[in-house]
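My questions will all concern the structure given below.
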Amino acid sequence: MTDALIALVALPLTAALLALLLPRIATALVIFSGLAITASAIALLYGVNTAGALHYELGGWTAGLGIALRADGLSAILLLMIALVMFAASVYASAYFGKASERAQFWPLWLLLWTALNALLLSGDLFNLYVTLELLGLSAVALAALSGKHAAVQAALRYLLVGLLGSMLFLVGVALLYAGYATLDLATLTQVVKPGPIAWSALTLMTLGLLLKTALFPLHFWLPPAHGSAPAPVSAVLSALVVKAAFYLVLRLWLDVFADIVTPTAANLLGVLGAGAVLWGSWQALRAERLKLLAAYSTVAQLGYLFLFFPLLLALPPGPARDVATGGLVMLALTHGFAKAGLFLAIGIVQQRSGHDNIQELGGMVQRLPLTTFAIALAGVALIGLPPSGTFLGKWQLISAAIATGQWLWVAVTAIGSLLAAAYIFRILGHAFGNQPYPHQAVAVAREEWPALLLTLTATLVLGLAGAHVWTLLENGS
Amino acid sequence: MTELLAIVTLGLMFSLFLGLLRILRGPGAGNRMLAAQLIGTTGVAMLLLLSLLLDQYALIDVALILALLAAVAAAAFTGQQRESGHD
Amino acid sequence: MNATMLLIFDALLLASIIGLAWAALASADARRSVILFIAFGLLLAVAWGRLLAPDVALAEAAIGAGLTGALLLAALQWQPRKTADTTNSEQPTHTLLETGFRWLVTLLCAALAGMLAWSLTQIDAGTAKDALANAVAANIDASGVSNPVTAVLLNFRAYDTLLELAVLLTAVLGIFALGPAQAGYRIAGPVFTSLTRWLTPLLILTAGYLLWVGAHAPGGAFQAGATLAAAGVVLRLAGRDQIGLPRGNALRIALGAGVGMFLLVGLALFALGRPFLGYPPAWAGALILLIETAAMLAIAATLVSAFIGGQPTEEKTRC
Amino acid sequence: MLTTQWLYALSGCLLLALGLRSALLHPALLQRILAINVMGSGVFMLLIAIAYRGPGMPPDPIPHALVLTGIVVAVSATALALALARRLTREQPHD
Amino acid sequence: MTDILASLLIMAGLFFFMAGSIGLLRFPDLYSRLHALTKADNLGLGLLIIGLALHLRDPLIALKLLLIWLAVLAAGATSAHLIARHARRREKHV
């Protein structure tokens, strides 16, 4: 059962090395290892569902002296999302990068990013988390700069510096915790940590670092240019997965490790920033001229919703009510992951076919690229939160929890954010469904269109209809 | 003897302080590079003394590395790249 | 008496380190900043030695004083002479708002440092701060090496090191993806050339020594790899294009060697029914040396490639 | 903590603050990269101060190992940042 | 006896270090400062190293110390040469 834990890290890392050494068969390697990773993620989810949280002590050393890998319902669900989104994006990328030389550079970095994502989700050790954060940051930056265009390199450099700043702050927190408690193991720390200056300062520093990485308003300034100028499959996973990995860590720290330390005031602060992100991100998305920038700002907004949950979860007593709300949060994160990845992939198709992604000039797109337009529409359904998308379920829980705890402000924010989302989505669709002749030769490539479509379908239909399983998995896997 | 070593270490630290003034004052990169060179040599001497003072002979290896790499900075500073063909 | 003098020494050393950092970061002139930063790195190596951390001091000496310095000085070659970046203000004049913002940031940084320092005062003397150090000491006999830092890096926390080698690999692949290597250096004069003639073999020898000695004394793959890389940097600075770095496929193998060997050993043990990366105690010493050798080669190849700033072109005019 | 530990730990905090401030405020790219390295050195100094146990006592090896890992990660990141910066200066924005 | 000699050598080493640093600070131009640095600095380290080797009386460490001295000597001479040449080239350009 614990073999899946090893496989999730060892498979992509081995594949990265092989892709580096054997560039000719790299594409086949990626597809093959992608299937194996997905199978491992499913196995892990199954294991967690039947046996509860799993852990594996690397090298056979007890956690503390050594490093432990851990997985529970939350991480297993997210790992499966990572596997599915990465796999779909891999299929897409095999067609997106036309030249063999481009693919030779792309695949090893791509697999290293995959390694980093899996390793981060599985890590049960504070310093190991720092290393995975750096691996994630560096591979994401290298991929974001891959096009070599001036804007992309500039955005990637800023992304790198911000990321390094974030990891440094995280590392200070780790050092402080080691000074105070002489352990790096998360499970041990959860038991021994006591309210006091050490825990507060460490949590503040680490959270600050992670908020930079997850681009919470007003620390989001680096995200739109970086996500907006990367190659499409890279943008997709940056927006859908990479920022969410940092968010996952915030969630872990606040709800698990430091659960006894966090105060409602601090959680309210996160909520306020989340509200700012929802409003500002949605507004900027509405004003964006380019599709990719629109999608990037929408990511800023969608991350904001996730932070609205913090004051609600803290106000609910631990128990079923809180678990139900947590499920809503996970649902929101999952749907956004699938929908945003699909949206970026679809936008990539538009950009490649028409040479630009100006929203004003999309007229008639639906005639030439019906499937792609349909994928964008489906992603829109999920981003707005219309039923039957998973977002609908997530926002439903958000609003219920807000009403139950009497925090009406968040209800208003959610409502305004959803209206703005509807406005920016219909702005795209309004142009795309226009009946002027589409000026570009557009040949649809199945390897590009289907991943986008399947991802958005997952977000709107699968998650919405099979949503109850998410709650069960979270409960069984705790 | 350890007393003497401690005094000399401290003396070296003062001498290094003077070098710091030059590295701050310059003028120009050449002078600063020179002062950096002095700081490196003084660092080597201090590490040797510390290795005895703290009973940590591995610090001699650190001094060795610093000594071996002492010329790298000056070479990288003065070295000039050929006109690049492909840029 | 000695303790007091050491305390004064500490104070002066730290004042120099902080002063250098301050001056390096306050300057607008890139050359000045870089040279001050190199001196800063030299003093850090002394400080690590002073705090009885010779392993770290070795790495700082090799990487900080040697490689990072060379990297930064090479960067000056393409840097605009004076500072010029997104903002091209020679003497920055700030509006009231900007001044306010600068003060706010400064205050926040100070508050952060103050908070950190204050929390340090709250550390319980009673907590078992030696718990992990004792655990290392208790298990060191089973680790295959007697240098505790090497035991932590390559056995107890080997997984960290595996991922760290992956970080190095990622960085160099990212650099390769950005385009061709920097232009080589002009052939150096006779003085420096004659220096390299004996410095290079000596550096290679020292690297081997550090690798070997790492099992029981300060040293190990990183220090050795950085020293080996310094040999490559010296040759490059002397104007050689052939600096022992393999090309094409062989280079890719060298870059991946560290991660590869680590994975190979880890997975082989796993297949044999041991934990992932769990060496049998009888074999631990040998396996660690094997991994370290591969890691040293990978680190050296990576750092030299990073210094060159791109993939060496396959077939160039002079070979 | 010992006086020596205090001295170095506080200096580590100071270096961290200095680096953070310049990383946020310095107009030039190269100095911002240096600033992040200074920050890193501050954290490393804090960790090594924590590991120190006084003269003649063996220090805690774990922070030393962490710092070694941190140094290698820092040099990787610095190299990548410099390569990106070089690429930026090589081609000005007209593509 | 050897310890007294060692102490004297080490103190002499410190003296030359001091002299070198003061020279670096007080001498008027780059070239004279170069001399102050290379002569006094390397001489200082040399005396110090002989003193330490005498004190330790361990041939292996003595060998290592000698190697360090040679390396610093060579590096000092080379760097001085490089920096001087660099400065001269600069002056010609102006």
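So that you can tell them apart, the chains are marked A, B, C, D and E in the order they are listed, and the count of residues begins at 1 in each.
Just so it is clear, contacts are C-beta pairs under 8 Å (C-beta built on N, C-alpha and C of every residue); 3 or more make two chains touch, one makes a residue touch a chain.
Computed from a predicted structure; not experimentally measured.
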(message) Hop distance check: subunit B to subunit C, minimum number of steps through touching chains?
(response) 1
(message) Starting from the defined contact criterion, work out which chains touch subunit A and subunit E both, please.
(response) C
(message) Ranking chain pairs by how many C-beta pairs touch, which one is first?
(response) C-D
(request) Work out the mean Cα position per chain and let me know which chain is farthest from subunit E. (result) A
(request) Farthest from subunit B by Cα centre, which chain is it? Let me know. (result) A
(message) Can you work out the whole-Å distance between the CA centroids of subunit D and subunit E?
(response) 30
(request) Averaged over CA atoms, how far is the centre of subunit A from the centre of subunit B? Could you give it in whole Å? (result) 47
(message) So the centre of each chain is just the mean of its C-alpha atoms; given that, what is the distance between subunit B and subunit D in Å?
(response) 20
(request) Give, as an integer number of Å, the spacing between the C-alpha centres of subunit E and subunit B. (result) 11
(request) Name the residues of subunit A that each touch 2 or more other chains. (result) 127, 131, 134, 138, 141-142, 145, 148, 153, 172, 176, 179, 184
(request) Could you check subunit B for residues that touch two or more other chains and list them? (result) 14, 16, 33, 35, 54, 61, 64, 68, 71, 73, 75, 77, 87
(message) At least two partner chains per residue is the criterion; list those residues in subunit C.
(response) 6, 52, 55, 112, 116, 120, 123, 129-130, 132, 136, 157, 160, 164, 167, 170-171, 174, 178-179, 182, 192, 195, 199, 202
(request) Using the touch definition up top, name the residues of subunit A that touch subunit D in the complex. (result) 127, 130-131, 134, 137-138, 141-142, 145, 148-151, 153-154, 156-157, 160-161, 164-165, 168, 171-172, 175-176, 178-179, 184
(request) Name, in rising order, each residue of subunit C that touches subunit E in their complex. (result) 189, 191-192, 195, 199, 202
(message) Under the definition above, what is the set of subunit B residues touching subunit C in their complex?
(response) 2-3, 6-7, 9-10, 13-14, 16-17, 20, 23-24, 26, 29, 32-33, 35-36, 39-40, 43, 46-47, 50-51, 53-54, 56, 58-59, 61-62, 64-66, 68-69, 71-73, 75-77, 79-87
(request) Show which residues of subunit C lie in contact with subunit B when the two form their complex. (result) 1-2, 5-6, 8-9, 12-13, 16, 19-20, 23, 31-32, 35-36, 38-39, 42-43, 45-46, 49-50, 52, 54-55, 57-58, 61-62, 65-66, 69-70, 73-74, 77, 180, 182-186, 188, 192, 195, 199, 202-203, 206, 210, 213, 217-219, 223, 227, 230, 233-234, 237-239
(request) Going by the contact rule at the top, pick out the subunit E residues touching subunit C in the complex. (result) 67, 71, 74-75, 77-78, 81-82, 85
